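Got some structures for you, see below.
In what comes next, subunit A is part of two complexes: it sits with subunit B in the first one and with subunit C in the second one.
Coming up: the complex of A and B.
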């Protein structure tokens, strides 16, 4: 999937030629700059306070986001202001591929991510520099939670939209709460911090940082431990179980009845 | 597959069977059973599938009773499933988790039990459809249809009570919905709910009560009805599809003993094998993922097991905000109407054989089945019923349809609401048209033979395709069926035409006015002569 982004963005763009050109130039220059930068910083550790990174982010932002969010991220008719949304919001939105948004459905869906991790961090650094907001959780925010407590909190706070098994669920008017089986721990934590789109924000009074950590631990447990009972059928519960027994179960049995009543010559 | 006849007293088996026979005269029964005809069509085995699933359910269920504890007392879970460690739950839930994770083979047995239950009811459903579409419910088997119907309802009750036992979040939501339906009934609802749950929902009695129903009362009644059902099958003998030499007076086929006994016995193990294979590889009802019941959380995508789905769907498809306040009570039509709808639907299923008998006025016994096309209106009514049920069923999965096909929830609900009304009507018309067309085709084939695909050139230069007449065996199948003419309105003995007669004549017209009669002997002779010039 990492080779795809090029084609993706071309298809999605419907803006005038000038912008396309701008984007192209932006990409080439930042790409070149990055090729040099990444050789220097081998790991994904990016210092979000460094003016260099912020500068980098501003360029990327101007090329990819400004059409909707405005040159100073102040917001336009096509997208909200990003001042004060914080690094976490950008890391979540861009890191799950939701941004840059394409088309206008009921909800911006997760897509293949269009930037490298460093570019995402640079964008986050730039937006964070515009005003204070939730920052990207650190590794210590994410590890060592209590999965049992997290499970209970998840059932109470999240299951009504995301389903108890995290299989996702429908909301009104074509909106939906996505399944959580492929969400990374960081993005899960960020989702609670920022409440993307139709999801409510769970601030630190609703769920303390340690409770958020517990929920993350629970989601990680679900991801790492496949069902002890065998195939999960999409964790959709009785609906997929019912379809399975009618199609596969009864199908197999009918095959056997046909075989057994066939006249033996 | 050969069975060699051993002389009665030679060998160990012979000695044992001799011993048994001298004390029980069982050989008479074996002979009687051995002379029964082995069914020669796959659809005749669907009842057997239901029977065998029930046996599997009894076996696996008995195992579960040794370890399950039907108590709603609260404990802290301390088993080996990490994400629930230390969580408060009922003893019922915790003992089910122990069966799943800390008892050797427990999870497999749980999954066998639940998968077999799903198979049981779907086999019943398909069996019922087979009986319906072939007209196997006609005299003298109307009573057995009624018994079968009771089994169908009991099986749903058996399934629902079992589904609720682990006291997990999913089934608790299900019970909550049932409670909501009960409480929604005017005047008596609240009192019935208190009676059932021993006070305010969820109370601390319901699991124990459901347990008694699930492992004692319902299985006994089901068993009793199965015995009755099978006794009637033996008394009536099995029906048969139309075919050469098959009449209302005989049963044609091979006897069970000797060759087919092995097949029939083996079939149980095949069904068992399929169930175990599924249970060993596919998760069912992962209560550990659902967590313990607690009245506050409700999960997205909460559904009952498939056989209760049609009831859930009826509730979901009901337009909201229909309530009136009469005589000091709130009348929640959005609950009363779906409940009535379901009861009427079940009543129609139950009563259909009696209704059709009344319409046709047919008092004859029928042991030869109808091919579905030869009873177009019955088949069409069946198709309408299946569509109605299927739409309700889809209604229960409306949210999952919405997320998986990326459409809006409201769109799905509105579409299904329209389909619930129009779907059965269209299904009726289409099925009837298809049946009539197939009957016409049958007539064509009987009269003119089938196309051989062989083109010949006549001396005059004309090309024609050679048609070949059917052989006598195949023709039998196409011409031997009941021809029901519409009943005429006739005055009764006192010279009066009663309303009932009129209604009956109207229904009879509805059933039979555009029927297609089977080809008669004379028609066929004429046609033969005609084609030979």
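Coming up: the complex of A and C.
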């Protein structure tokens, strides 16, 4: 009688369901802790006005950027002046890995970021100290937008280059509009503000801050909502869809016709 | 070497094809003198299902099971419709519903097809047979009889004799498509000259340039260098929806601001259509009318996404690549007393692709 509850308990602990449950709990806890840790680093506040930060930014600038942009960021034949481009421009260009550029080409591509978040902010602080320019948008500039209005604005102002689903597209002579599915909200906002590379500028009088917030909300909506029609095939429209149907669809039809006409063995 | 074999040249035929064709059956067929002899049918090869009764039984079972699978697919489709409803505009539910209904019905139909083909190939009797092709030409008796029938029909109906009826019928056939001309004419604008409609847009002197889609007027000082703004004329949004869209399709404009020294003009007049580096160009491609708005702010190129026509904004939107035949029309603009951008007039030429009377 006294033995029975014990074996029951033992069996309970060994059951496969318990293992699945334990692994599940472990994964969820680790994931949650990781998510909290990453949001904590992302929102690490750096005071862009503090002289120490600006000083550190200047050192980083002299070591990494001055070759092309000049010792005083006044610009050279190889790179434009950065006086007055603002903290937003630095946070976008360096924060997405576009700068420092690794080689000359039609366009500086996004690549793994070369600096820590603090270093990016320090560089931004230094460049912002050179002249007034757009600052890095705060969290309240990015959340709570109206995705429906953002969708309409995106279709009018952005979709012709970036594709209606944000999949990106080709421009002239090797340039391209990048896809926006992996672009963070703050970088998308900064891009509108500063018009990096060949992208036009959408200043606050062209697209108001609340309209920019709506566009960011639409981009977030695109990231979270799967295509209702099934496989997106890169959202590239007739190019990838045509390729798929001509190769896979027609291939299947040819295979079937061969099977139908072949004599059974 | 080919030659036309007449019905009487029997000997030639036997030599070339070695078959039982007689001259009469051949008609005007072309028979080559050096044709390959007819190899006849290949030897009959038996299938495994002919020699092995167990394989035959298995093939029969597979066919039956494929039909059952099709039934299962149909039932699955019904359940998919019931258990994956499209609810509340959620894209995931649309995706699941269409996915499972599609999979179920595809399985149901595909299984029937595969079962039918497998049945025919592996289970049904397998033997070769030859059906000789008969000549297309009928016998002389048949042909004579056909002519007779035609004559008889003409005689009995009076088609040739009763010209009043015949001509009436021909007239009716001719008149029947005529209403289509009137009906299709009704699709075109009735009270206005279509030519005129294509030549003029909503823009006129003094209309402010406003943001698409809000209709907020634009000040020259709002635009920084490198800005591009999608513009509609003031008052466009007050029109009824359908009319608004018709007008917007012609009046859409892209406004960009460059450094004034980057703009090259062929005449002082064209230069006077811009304001301090701000220029406005029609967004409707002169090739086939796609909206051209892929603006590169450093190269000042405008790219049309449909057929890759490129326009150079710094050179009065000259075509630098692609199939477009003409530069994009420029909208003359200035600044009014309050600092807002206003149109000086409509475009000086029709916007969009060519039409016959464009130059008149």
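A few points about this structure:
One rule holds for everything that comes next: the second predicted complex is superposed on the first by the 222 of 265 C-alpha atoms of A that agree within 3 Å, B and C clash if a C-alpha of one lies under 4 Å from a C-alpha of the other, contacts with A are read in each partner's own complex, and residues count from 1 in each chain.
Basically, a contact is a pair of C-beta atoms (placed from the backbone, for glycine too) under 8 Å apart; a residue touches a chain by one contact, two chains touch by 3 or more.
Owing to the predicted nature of the structure, the values given are computational and were not obtained by experimental measurement.
Superposition model on subunit A: subunit B and subunit C are shown in a clashing arrangement. Shared-chain residue A:128: touches no atom of subunit B or subunit C. Judged by the touch definition given at the top, the superposed model places A:218 against subunit B, while subunit C stays out of reach. Using the contact criterion defined above for the overlaid structures, shared-chain residue A:260 touches subunit B and also reaches subunit C.
After overlaying the two complexes on the shared chain, residue contacts for A:229 are found with subunit B and with subunit C alike.
By the touch criterion stated above, A:171 is placed in contact with subunit B and with subunit C alike. After overlaying the two complexes on the shared chain, residue contacts for A:193 are found with neither subunit B nor subunit C.
When both complexes are overlaid on chain A, the residue A:99 reaches neither subunit B nor subunit C.
Within the superposed three-chain arrangement, the count of touched residues of subunit A is higher for B, of the candidates subunit B and subunit C. Once the two complexes are laid over each other on the shared chain, residue contacts for A:241 go to subunit B alone; subunit C is not touched.
When both complexes are overlaid on chain A, the residue A:161 reaches subunit B and subunit C alike. Two complexes overlaid on chain A leave one subunit B stretch from 24-32, 42-50, 150-158 or 258-266 clashing with subunit C, and it is 258-266. Residues 152, 156, 160-161, 169, 171-173, 177, 227-230, 260, 263-264 of subunit A lie in contact with subunit B in one complex and with subunit C in the other. The touching residues of subunit C, when paired with subunit A in their complex, are 45, 47-49, 91-92, 94-95, 98-99, 117, 121-122, 126, 211-213, 219, 221-230, 256, 291, 293-299, 301, 303, 305, 310, 321. Interface residues of subunit A, counted against subunit B in their complex, comprise 106, 147-148, 150-152, 155-156, 159-165, 167-174, 176-177, 218, 221-222, 227-233, 235-239, 241-246, 248-250, 252-254, 256-258, 260-261, 263-264. Contact residues on subunit A toward subunit C in their complex (touch as defined above): 152-153, 156-157, 160-161, 169, 171-173, 175, 177, 195, 197-203, 205-206, 225-230, 259-260, 263-265.
Note for the complex: subunit B touches subunit A at residues 1, 39-46, 49, 82-87, 100-101, 107, 111, 115, 118-119, 122-123, 126, 169-170, 259, 263, 266-267, 270-271, 274-275, 278, 280-286, 288-291, 294, 296-307, 309, 396-400, 402-403, 406-411.
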